[in-house]
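Presented sequentially are two complexes of chain A, the first with chain B as partner and the second with chain C.
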Partner chain A sequence: MSDRNPADGDDASTDSVSTAEGRGDQTPRPSRASAGMPTWGLVLKLLVLAAVNGAFLAGLPTMLENQWWTGLAVAAMAVILLDWAYLTKKNIPAKYLVPGTIFALAFQVVPVVYSGYISLTNSSISHRLSEQQAIDNLTSRVSNVPGTTLYQLAILDDDGELAFYLIDDTDEDFLGTTEGLEPLTDDRVETDADGDVIAVDDFVVLGLGDLADRQDEVLALEVPTDDGAIRATTFSSAAVYESLYSYDEATGLLTNNDTGVVYEPIEGQFTAADGSTLDPGWQIFIGFDNYVRVFTNDAIRGPFLQVLIWNYVFAIGSVALTFGVGLALAIALNHPGMRGQKIYRALLVIPYALPSFMTALVWAGMLNQEFGVINKLLGADIPWLRDPTLAKVSVLMVNTWLGFPYMFLVCTGALQAIPDEMKEASYVDGASPRQTFRRIVMPMLMIAVAPLLIASFAFNFNNFNVIYLLNQGGPPIEGAATPAGHTDILISYTYRLAFESGSGAQWGFASAIAVLIFLMVASVSAISFRRTRALEEIV
Partner chain B sequence: MTTTSEPRPVAPPVPRRSFGKWFRDKGWRHLVGWVALAFALFPVIWIISASLNPLQTLTSQTLIPDEFTLENYRELLFGDVPYTNWYINTLLIAGGASILMTFMSALAAYAFSRMRFRGRRVGLMSVLLIQMFPQVLAFVAIFLLMVQIKGVFPSIGLGTRLGLSLVYLGGALGVNTWLMKGFFDTVPKDLDESAMVDGASHHQVFFRIILPLVAPILAVVFLLSFIFLINDFVLADAVLGQGSPEDYTLSVGLFRFLNDQFNQRWGMFAAGSLMAGVPVVILFLFLQKYIVSGLTQGAVKG
Partner chain C sequence: MRSKRIAWFALFMALAMVVAACSSDSGDTTTTEGDTTTTVAAETTTTEAMETTTTAAGGDTTTTTVPVVRADADLVIWADDTRTPVIQVFADRFAEENGITVAVQELGFQDIRDRLVTAGPAGEGPDIIIGAHDWLGQLVSAGVVAPLDLSSVEGNFSEAAVQAFNYEGAIYGLPYAVENIALVRNTDLAPDSPATFEDLVDNALALQADGTITLPLALQENGNGDPFHNYPIVTAFGGYVFGTNADGSYNPEDIGIDSDGGLAAAEYFGELSDQGVISIDTLYDVMIESFSTGQSPYAITGPWALNAFDEAGVNYVVEPIPSVNGGDPRPFIGVQGFMVSSFAENPLFASTFVLDFMATEEAQAALFEAGGRPPAHTAAFDAVAADNPNVKGFGEAGQNGYPMPAIPEMGSVWQAWTDAYALIFTGTDPAQAFTDAADQIRTLIAEG
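Entry: the complex of A and B
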């Protein structure tokens, strides 16, 4: 175990396609690579490649239209990588690396980088469009006040799709749909004996009985025109409603045509002089404002620091408790000649083997103040999940329950993996059992387990399920500007910022917190790698 | 393993031991074991009892119900709650993604373990580096990306189960790849070299020689991925949470089902949890030997 894989030291950079060790007697023979390829494999490969290339081409126009360059770049890269790896006979390592790499790029690297980008914007449920999309949305709205251009109206229906038959004051007739206004020629209009219109193309004129049922639909139908939209004022008359807002591209100002109020684009939202704003706003780049807010806004900073500190207490406490209980049990139950060891092991593993989302919810029920079994058994009325301190204790207790079997398994395995010769040698040299345990067994155990403890810390640092499913991070911290609870850890705090109703889906701010977590987790990982290497060199 | 693995000298053989001696040697261990069992199994027994109790509520539950019924199970499987959908969704999404993740990880591990190529070292380090930024933390970005994907490819965008599976596949390369590479390194290279001399191609070596030999680590990685994905709430909720309830996974579905109505829905929730949990426990116990060996070995190697 101590001698490293010989390849780790040298990076054979001379021959990028060699599959062998790079020894002189093994020249690469690329032609052989495909000689034994089973035909079904080839067919499958070509089908998959064709499907991926086809999907890319099919999606290309939409991606261009949406101006979604990130998606376009990732998709193009994926297709090029795949074709390059599998349509050439060289590049054998690529054939094995490309599939995982593509998914890692698309759904791991890109989201992480994108998180960083979003954290520098004001992205939220009301700031999710681009500026142009927001302007289009606002200028497509029409005034509630009918204008002066009036039409006679008949309402048409074609299998559920409504349309207007319109006659203006010069007796010209038009077909009005959601697409727009279209002049009609006589041959398209069908009239009855009285000269009343009964159909246009495939559209049939609706009777009053049908209209009453579909009143809402009729009133909602807007036929866009150049300067607004035509809407029904009654079932037999329509009017042009002017656009509510007009946008001046030169000045960038938006004017309400009814009230004359002028809106100025400020921080991704059209804002009037009196401070009132229009939804939707749009996403803008705001630099480090989200980060600055975390550290300068008192109503955010206080709860955030509380969450941060508890996050560390929770993660360290969880590791310490699960490891302590697990190790103690491993020592107690790992004894030659002890009966029932296998049964103990099998049963004790159950809390870890059960899905944690469900056990967290089970504990939530058991710890329920009014109905929970714990209070019933104790005959007490203890607010396990509602008192800030007790809630923290409960969370740690539940997480110990969930996690100790893992440590128990790992410690048992590590104890059994320690060669007996080492312990015997220590006895021969006159060490007491206690000394042997402290000086031989524990250090060897720690070498095996230390990386797992760090991994466990990293896992618990973001152990969302226990925190959120057990108690939704509660009880709430009073006076917090953003939703934050006494048992919230950073990731559950982020989740609530982003998705919990009432907080306005603050995606930009939530991403800033996520980036902060990234930095913390990455620094722990960086330390762990060094430490792992240091520990390995001891052996 | 003929000698003792206990950190104390072998006691001189005693023909008949008193209770005191037995207790000091082994008895206390059983005591500890029983206490641990009580702690570990109490919630499990409680939830089994709740699922069989004809009275649905949390208030009315006793440890041993007065009468037993399967009504909770029947209601859940054939009633209005789309529980069976959640179950199948979870199996398909988590199972399918885990199989593909394991496979893609094994492919990469094979390349890293057996081939020498430019960028190998960089590749290995990148895999470690990627692992430092857990995917789940980027859930906001994933949510927003899925919104955009929905605009281009509606069948894999926000609210689709296929989309969630693809998101999960983003975690294929990571610590598991290192775990596997470590295991692959222990398979003697002579095996594949002699096969290559005999005319086998690289993929024949991979499929026919390496994969059968590394079956234990495949089982470990598959099971760990599977359990990890079953337990995922954040990404499942981000991708599927605003879609239709029929598309939920078990974690999202059961959480929303219970949604602070503990008292009213306790019995059905208990039944649903057990049906979700028991297969996982059985699978886990079945493969436990592999998992423990994988965890300890991988830990040293990783």
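Entry: the complex of A and C
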């Protein structure tokens, strides 16, 4: 649309355009900028640019700290582009294109590309870590050796070398170092007036505050004994532990110290010979496995067709109903003889002004079979949300209620933009009102409205809110291979599969489904837009 | 002109009020009054099944909008709004004694789990969280919690509570509260403790027949069916969700929903629904309201509901659910506790704080005061139960309960089982519904 109105920029950009134009003949506009005073537009422009640059600089330390180089490069490029576009006086097209392009990239392209990327990985709640993190996690698992002593602990320091001062349950005290455990005699232990130990030999006792930055050292200190290694449990207690797993870096194999089972890293997870696996795994590329899974999975194939058909019925039905109701009301209220137009219009917009998040829940309550206000008013016992057919009707009804004000607004605007002369001309030519509507009004209306209908289809195709908040996709389909509801659409159905079953969130799998739904909606939209262009050529 | 505007405004307000009124009439949970109850439910429950009702009503919207970044402190604890003030007291003491800084950050209860999974590996997570034991399946497989050696303190705790935090042979948390559902009986309407569940049903139906009450049993079904609240009755018939291995852990290969006991329980739910003893439309708010207003002589619910009953001034006792069909009803037990992140910046501060400061009778009693859940610390429980019959009642009811399965496969159970109940309550053959549900769960687990 903007290509038809190249002049509708904001103040800042119009101003900068005019200054730039003025540069050619070296005669700045005399009125405001005569004494070199900046215009308000320029001030605003500089403020906005300063804010953008400031935001970048504010984020810089974090990005450097986390070594987030890609993010840094992209952000730096965006800022440099913006500065270049607005601080130089050339590049007028860039002043229009750069911000739009950056927003389109940030909010449209990046999410799609990122979903595509994730869909090629096995990313899930148990495959989120890097391989090293997963190995660290498994090898740090220790278990208390049953039947061994629990020690009281104080942590000692001798010029940077740490040691444990340990007291066992029989009140014997020991010095624990990496060499081993050594019984202490009283003369080696120095106590203060209260009887608290303050030093052993050359070692001094450290307080918790002194240890804040040295916890890794304390945790790494293992005092070998015959049963296992003594390690700190807390700052004041220690016990004998053995590691559950040991990792061999040369072979990449992980061994369970207890059972001797050897695990091999296969497809992002340590896997034993008998196929059992250890969590956590790590994230790897798995190519198109997620897509293969979508098409071959019994769980998905089960009710898939039924869900898909209803998804189309719901999206198309929603568009048709909201548009039908909205247009009818717009025409009725557009009649010149209509009184109280403004009040009606204001009232009709209310459903649109309330957040659908809330109204969907309110509708769910009103449609409740036993306590709902609708059944109470009707004095009936109608299973609005429990009967498969009625539930579909209810969902469409509520979605129409939510959506018609938008269509009403759009149609009102479009109708008012049709010049009266055209209608008058058709009457003069002898057309009936119906003919005028069909041949003149509708085609002109569709030019403005058709793209919005396509957008509305795309939106409703993935209208998770209404489906989920109204009835959670229910009522359940009897005997389905996996839990699915009669009003489930693809997105609500697969949401459950990907996030509420199995072992929790499966981002890779969910992304593959998202990409497939994106392709479906995008192809329908692309075809429709092509049709719309044909529509424009008629007039 | 001005009068016109005022008229518009008045009209708009009137409409807004109509909308609001409709929602409260319908027992929906979007009004202000509903909000307080849903927050309570959201923070109390440990079950996905209950979540479905509460999250939809905005149970977790209170905090999700606020981005949480690790506070700048030596030790960072994530807790919910109920426990934050209590933990803060002990955290301050810990900080002062050791000359370090401690921060307690408040999140929605369910948010703690979801945020830890993402924030932990990114280095933005806390050192310690509070949470429910049935999160372990997810948290351990995500690799974000570290084992915690309780050997020095476990003797002071209820064995069941400690075992609930045992996941694949290691213990991952220090329990502080145990919760389970029990029978709550209105002592004015039903003065005598029912000997059997069948007596309870007869008595309730008699009260309904003479018009004293409207809902015989306030058993929360959330509009669909609630496997968590229905579980005691299923177990009384010998049904179960997962069988157990020799070492007491759950076996996801053995699904007992379509076992003989499970199918018998299904038939019984069909009967209860046909007789009008329970209703699919009993949402959390409906359960609270019917029991609070004396429209229901019995409720099956947990400690989270008692505040509302007390406020309404209804006289009640808490006791174990009586035997059903000769079998003992065994509820799910949820245990809440402290867990240490495996990405903790200061793991030793964390274990020291948890084991030395929060495992004490004093801390456990303070947490009870705030949250109302029976303490996991045995001495603290005994002290509380001595002068609080409600705590004693829930404790007794939970004595033979089963810990809620923490294995990830449990995630595949809720929706399928909920659907099965919904189908039973709307007239499908009960046995068929449970058989289908069990098949669905097997498919979901197999397809992982």
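Going forward, the second predicted complex is superposed on the first by the 289 of 539 C-alpha atoms of A that agree within 3 Å, B and C clash if a C-alpha of one lies under 4 Å from a C-alpha of the other, contacts with A are read in each partner's own complex, and residues count from 1 in each chain.
By our rule, a residue touches a chain if its C-beta (ideal position, glycine included) is under 8 Å from a C-beta of that chain, and two chains touch if they have at least 3 such contacts.
Computed from a prediction, not measured in an experiment: that's the story for all the values here.
**Q** Answer with first, second, both or neither: which of chain B and chain C does A:Gly403 touch in the superposed model?
**A** neither
**Q** Once chain A of both complexes is superposed, is A:Gly317 in touch with chain B (first), chain C (second), both, or neither?
**A** Neither: A:Gly317 stays clear of chain B and chain C.
**Q** When the two structures are overlaid on chain A, which partner does A:Leu361 contact: first (chain B), second (chain C), both, or neither?
**A** both
**Q** Give one of first, second, both or neither to describe whether A:Gly59 is in contact with chain B, with chain C, with both, or with none.
**A** So A:Gly59 only meets chain B here.
**Q** Between chain B (first) and chain C (second), which does A:Pro265 come into contact with in this model arrangement: first, second, both, or neither?
**A** neither
**Q** Once the shared chain is lined up, is A:Leu469 touching chain B (first), chain C (second), both, or neither of them?
**A** Touch partners of A:Leu469: chain B and chain C.
**Q** Touch check for A:Ala212: first (chain B), second (chain C), both, or neither?
**A** Touch status of A:Ala212: second partner only.
**Q** Among the partners chain B and chain C, which is in contact with a greater number of residues of chain A?
**A** Touching more residues of chain A than the other partner does is B.
**Q** Considering only the touch criterion stated at the top, classify A:Ile350 as touching first (chain B), second (chain C), both, or neither.
**A** both
**Q** Going by the contact rule set out at the top, does A:Gly372 touch chain B (first), chain C (second), both, or neither?
**A** both
**Q** Which positions of chain A sit in both the chain B and the chain C interface?
**A** Touching chain B in the first complex and chain C in the second, residues 66, 128, 346-347, 350, 354, 358-359, 361-362, 364-366, 368, 370-373, 468-469 of chain A appear in both lists.
**Q** Okay, in this complex, where on chain C does chain A touch?
**A** Its residues touching chain A are 8, 11-12, 15, 19, 22-23, 25-30, 48, 52, 56-57, 74, 97-100, 117, 121, 123, 137-138, 140-143, 146-147, 149, 151-152, 169-170, 223-224, 279, 281, 286, 342, 346-349, 351-352, 355-356, 408-409, 411-412, 414-416, 418-420, 422-423, 426, 428, 432-433, 436, 439-440, 443-448.
**Q** Where on chain B is chain A touching in the complex?
**A** Of all residues in chain B, those touching chain A are 1, 3-9, 26, 28-30, 32-33, 36-37, 39-41, 43-44, 46-47, 57-59, 61, 104-105, 107-108, 110-111, 113-118, 120-121, 123, 128, 130-145, 148-149, 151-153, 166-175, 177, 185, 189, 193, 196, 199-204, 206, 227, 230-231, 233-234, 237-238, 241, 250-251, 254-255, 258, 262-263, 266, 269-270, 273, 276-277, 280-281, 284-285, 288, 291-293, 295-296, 299-302.
**Q** Write out the stretch or stretches of chain A touching chain C in their complex.
**A** 66, 125-126, 128-129, 133-134, 137, 140-144, 150, 207-209, 211-212, 215, 218-219, 232-237, 239, 241, 244, 279-280, 297-299, 302, 343, 346-347, 350, 354, 358-359, 361-362, 364-366, 368-373, 376, 383, 386, 468-469, 472, 474-476, 478-483, 485, 496-497, 500-505
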